[in-house]
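A quick write-up on the structure given underneath.
Labels run A, B, C and D following the written order; every chain starts at residue 1.
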Amino acid sequence: MNIFEKMVALDRRWVFLFLFVVVSFAYFFRNSFSVDVVTTKEVESIYDFIEGAEPGDKILMSFDYDPSSLAELHPMSRAIMLHCFRQGVQVIAVTLSQYGAGMVEEVLRDVSAEAAELYGREVSYGTDYCFIGYRPYPAFVILGMGENFRVFFPRDYYDTLLDDLPIMHRVRNYDDVKGVLSITSGTTSDMWIIYGNARYNMPLALGVTGVMATDYYPYLGNALFGLIGGWKGAAEYEQLVDQPHDANRGMPAQVAAHLTIVLFIIIGNIGYLMSGRKKPKIGV
Amino acid sequence: MKRRVPLTIVFIVSLFMVIQYFVPLDSWAWMYQYLIDWTIIIGVFALLLGIWSLLRVNYEKIQRKSENWQYSIVTLLGLFIMIIVGFVPGWGNLENYTYQHLFYYVLVPIQATMFSLLAFFIASAAFRAFRARSALASLLLFSGLIIMIRFVPMGPLSEPISEIATWILQVPNLAAKRAIIIGIGLGAAATALKIMLGIERAYLGRD
Amino acid sequence: MAARNIAGYVVLALIVIAFAISVVLKGLLLTVGAFLTLFIFSFLYKDNPYYKFAEHLFVGVSAAYWMCMGFWGTMVPNLFGKLYPPMVGGVLPALKDNPAEFHMVIPLILGIMLLMRLSSKAGWISKWALAFIVGTTAGLNLVRYLRSDFIQQINNTALSLYVTGATGFDLGATVSNIVIFIGVMCGLIYFFFSKEHKGAFGVGARTGIIVLMVTFGASFGYTVMARISLLVGRMQFLFGDWLGMIR
Amino acid sequence: MRYKCIIAAAVLFVGLILPQALFAQEDAEVPDSLLAEVQLEPPPQPVVTEGVDRPNDNGHKLTVKWKYPEEGVDLIEGFEVYRSMSPDGEFQLRGQSPADYFEYFDIGGVDKSDPDYMANDEDYYYKIVAIGKNGVSSESEIGGPFQTSGQVFHTGKIPVLIGVVIFAFFTVYFISSAKKGKELYVRPLAGIEAVDEAVGRATEMGKPILYILGIGTAADIATIASFTILGRVAKKVAEYQTDLIVPCYEPIVMSIAQDVVRSAYLEAGRPDQYNDDMVFFVTNAQFAYVAGVNGIMVRERPATNFYLGYFAAESLILAETGNSIGAIQIAGTDQITQIPFFVVACDYTLIGEELYAASAYLGRDPLLLGSLKAEDWAKGILMVVFLIGVLTVAFGWDGIRELVRVNL
């Protein structure tokens, strides 16, 4: 067995070991080196969208995930909200996820407190943001909000009449918000596209988990004006708003892991081409 | 009788489900909700069948002292402890301390770790399969590599790579997924129709 | 053999000691979680008694967990609570005064029919219950798939193959739309079953599979990120929550 | 006298000058209080115009609309909507509407026991109150009677109905022509052609065959397709006298799989070799199931693994473990996100629709094959529609989307 044949037949446990070492190393020293994340157009366009908003403009953020996807989706929720509060854009929050309400409440409270500290101004409920709560049957809720938010949400999460919240004053439906951002880990993203954007044609952008992202790229440019996928997308946004946090801290491990895998693929191919071995083709 | 009754049930119930989609009336909506509720309850009854099978397989392993029979004891112990904790009369619900803690400190860590094994397996699968063996395999390799390299800061190369990656995700990705989805939609609808009409009946067995 | 046995016992002893130390320092619960995590990871090296232990424990506990969830989450409120509300008054006082819903006898009967399959003589009757479940979802699936996967797709067909933007003819978008159009057509040709993939039809099918492969590679590549996140999460648990080495 | 003069001067001062001085001080308030008196007039009256039943629903909802003069909008805070079941009965507050929005969507309860219940096909009367910013409000005349009702047919779903009818027609047509003995060609599927070879190999090696039905329920189409394939595989296995292992995730799937395998053994003439332990339940927790199946793989070392059915994230864990033990792997799923992993890690993969087709293909049953033909026809029609879509857009007509729009 020459070296190239060895490269081809390398025991996969070496791959495991190498990956484990590299990722733990990168994770241990994640604060010691930072990775310059390359930002992509699909994330930049969301950033530009909020950057271009006037203070007092409103966006609807739909937090359609539950605690099980919190780790992956929270960084992007945070980064976007911080950006909104920095710009003075008001955030109307809603959740279409059954187990999301308690979590959204916490997320809103934490991020608004953080924004208040960062930007040295008061970020208060009812004027800078509000949370209108949860209703089941997302397709119907999305359609209903197109008529009027009050159809399904006459009162907010804390049982205040929507009309009593300054932020909701004169806000009727999607026409009165600048755009809709749905951060989602489930099928509600499809519903936002089919029942929200296709029907009411409001500007829509999604933040989704890494596994889901490829399913939504085809909608970019038509149904969606922007897309944030997984940690990478969140890290880009954090970088754009200059608030590196969880997602950016995860990036060294990500970059290292991706490099490792690419490296192994290259090794495998060099070995394969040089050793001239023929193996059965991959099957379809 | 043994065949006809089940096939009739399938036909009637499925026909109702198709028609109710077009009828917004209350009575139909209630009936629909009932049917869904009923199937969920029948599903829970079925869990008993599962537990029975689990008990039987493990009991026999222990009795026959077949290979690794000791571990069957672990399975049965885990099962019984969890059932006792979950069913003790008077504790009455699932909020109880032990049940919750067994969930959070036994089930959740194992589950999350099993899930995270994917990080390793995705690496080994990529290493093994992403090879330029044939034209098709090379395409797989190429587009996979482009998407992965997108992660790595590469100076001036970053921009074009990111552009190509986005194009792949937006264009061929759309075409392929649409074709697959249409195929699945038709195939699934055809299978559903065959079940309704009693043509596809393998699920009933043959006796 | 003897040497292997001794090595095995040494490993066991070390694990027991480490476990004990960890229990003292970090408490029982966290230690159990951490050791089970390590046991599962050990499978990456090879199958071993510790993985077997974790695996078998996991199977038993999870089966019982779902059993309990099914009982308390479905049976009690939705079957007993509706058939005879006073019965569940002790655990779910809110339901106590609801009127009984007698149609719930039907799933009870169907459920018992299903259990009849444990008997060798009356097993055939369980198929009535199976038929009920399969029929319900077959009807649902027929409309659902036709609507979302077929009719919905026609909605998205009206592409323009000659795109003009603000600055006149847009070459990039035009090429993209043509690729989409040809890709979808060829993808569909690939999924033709009753026609031989020969001649022009074969070229179409071949093109279709090319588009599919490019997509599969991209999906695979993109998923790496999500999977690495999972691993990072576990490291956070082991090195952060448990060992307290990183914050 | 002097006295009086002083008093008179004082009175004059108090009566004439002081008020003036005071008024001068409260200059800002004067016009305000004056205005308040003017404005205490009520704002203009709204006029209830119509109460519209929402189409394509089960009733219990009504949109009340009213007119309001434009100049009044700035004078009011908003509207309040009241409802009653008789013109002279007690009106109850239903909700508010902003000042520049002249309709209210009144959603009543569906259930009779609901205090908010709104009956179908009964008269309801509405009254709109404009709430002035000055606290004075004005009421509209009573509008009505309006009724809400449920519809028997949802007209927004007509495209789906047409789709179902056409598709059912094709399927029935081709099945009945297949019944008449018309020969139907079906293209070979590599994964299915490999089944015989895979079973044979296992027999030669004296190793078992592992068949995974996925983590779907018995009602998932992919699982049902997989049952048919399982029947075929089990028959082959019985003929070759190899071992078969079918660990299941769902108890009902397990029950059905037991029936299927038992029938297959019966058909192969070896009913005595079947026992229920071949098809058994593991657990219905996703990753516990994976852990269990992984254990089975590394300990039983099957020669061939089948993964056919509904799969989620576990697909790659199973396929990689299977690969590490050197098994031949045949996979198939309709879960698009998982197909790439099977393609990468398995020897043969049935992509999406191929999985359903495989069950028909293996069965070689004209009835099942007939429906494949129907699917192809539907695809053909769709391709024509695509072409028409592209052409019509090229000629500037975008109506094709409207034709097939489904309105919920």
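Annotations for the structure displayed:
We take it that a residue touches a chain if its C-beta (ideal position, glycine included) is under 8 Å from a C-beta of that chain, and two chains touch if they have at least 3 such contacts.
Everything quoted here is computed from the prediction, not taken from an experiment.
Across the structure, the highest number of inter-chain C-beta contacts is found for B-C. Look at the CA centroids: the one farthest from the centroid of chain B belongs to A. If each chain is reduced to the centroid of its CA atoms, chain A and chain D end up 22 Å from each other.
Chain A and chain B have centres, each the mean of its CA atoms, that are 25 Å apart.
Touching two or more other chains at once are residues 18, 21, 39, 43, 46-51, 54, 68, 107, 110-111, 114-115, 117-120, 122-124, 126, 128-130, 136, 140-141, 144-145, 148, 151, 169-171, 173-174, 177-178, 180-184, 186, 188-189, 191-193, 195, 203-205, 207 of chain B. Within chain D, contacts with two or more other chains are made by residues 160, 164, 167, 217-219, 221, 224, 252, 255-256, 281-285, 287-288, 291, 299, 313, 336-337, 339, 341, 343-344, 351-353, 357, 372, 375, 378-379, 382. In chain A, the positions touching at least two other chains are 12, 16, 23, 211, 213-215, 232, 254, 257-258, 261, 282, 284.
Chain D meets chain C in the complex at residues 159-160, 163-164, 167, 184-187, 217-221, 224, 252, 255-256, 281-285, 287-289, 291-292, 294-295, 298-299, 337, 339-341, 343-344, 351-354, 357, 361, 372-373, 375-376, 378-379, 382-383, 385-386, 389-390, 392-394, 398, 400-401, 404-406. Of all residues in chain A, those touching chain D in their complex are 12, 139-140, 143, 147-148, 150-151, 154, 161, 163, 169-170, 172, 195, 211, 215, 280, 282-284. Those residues of chain A that touch chain C in the shared complex are 13, 16, 23-24, 27-28, 71-72, 194, 198, 209-211, 213-214, 229-232, 250, 253-254, 257-258, 261, 284. Partner chain A is touched in their complex by these residues of chain D: 78, 95-98, 100-101, 105, 107, 190-191, 313, 324, 336-337, 343-344, 346-349, 351, 408.
Only residues 2, 5-7, 9-18, 21, 34-52, 54, 68, 71-72, 74-83, 86-87, 92-94, 99, 101-120, 122-123, 126, 130, 136, 139-148, 151, 165, 167-186, 188-189, 191-193, 195-196, 203-205, 207 of chain B touch chain C when the two sit together in their complex.
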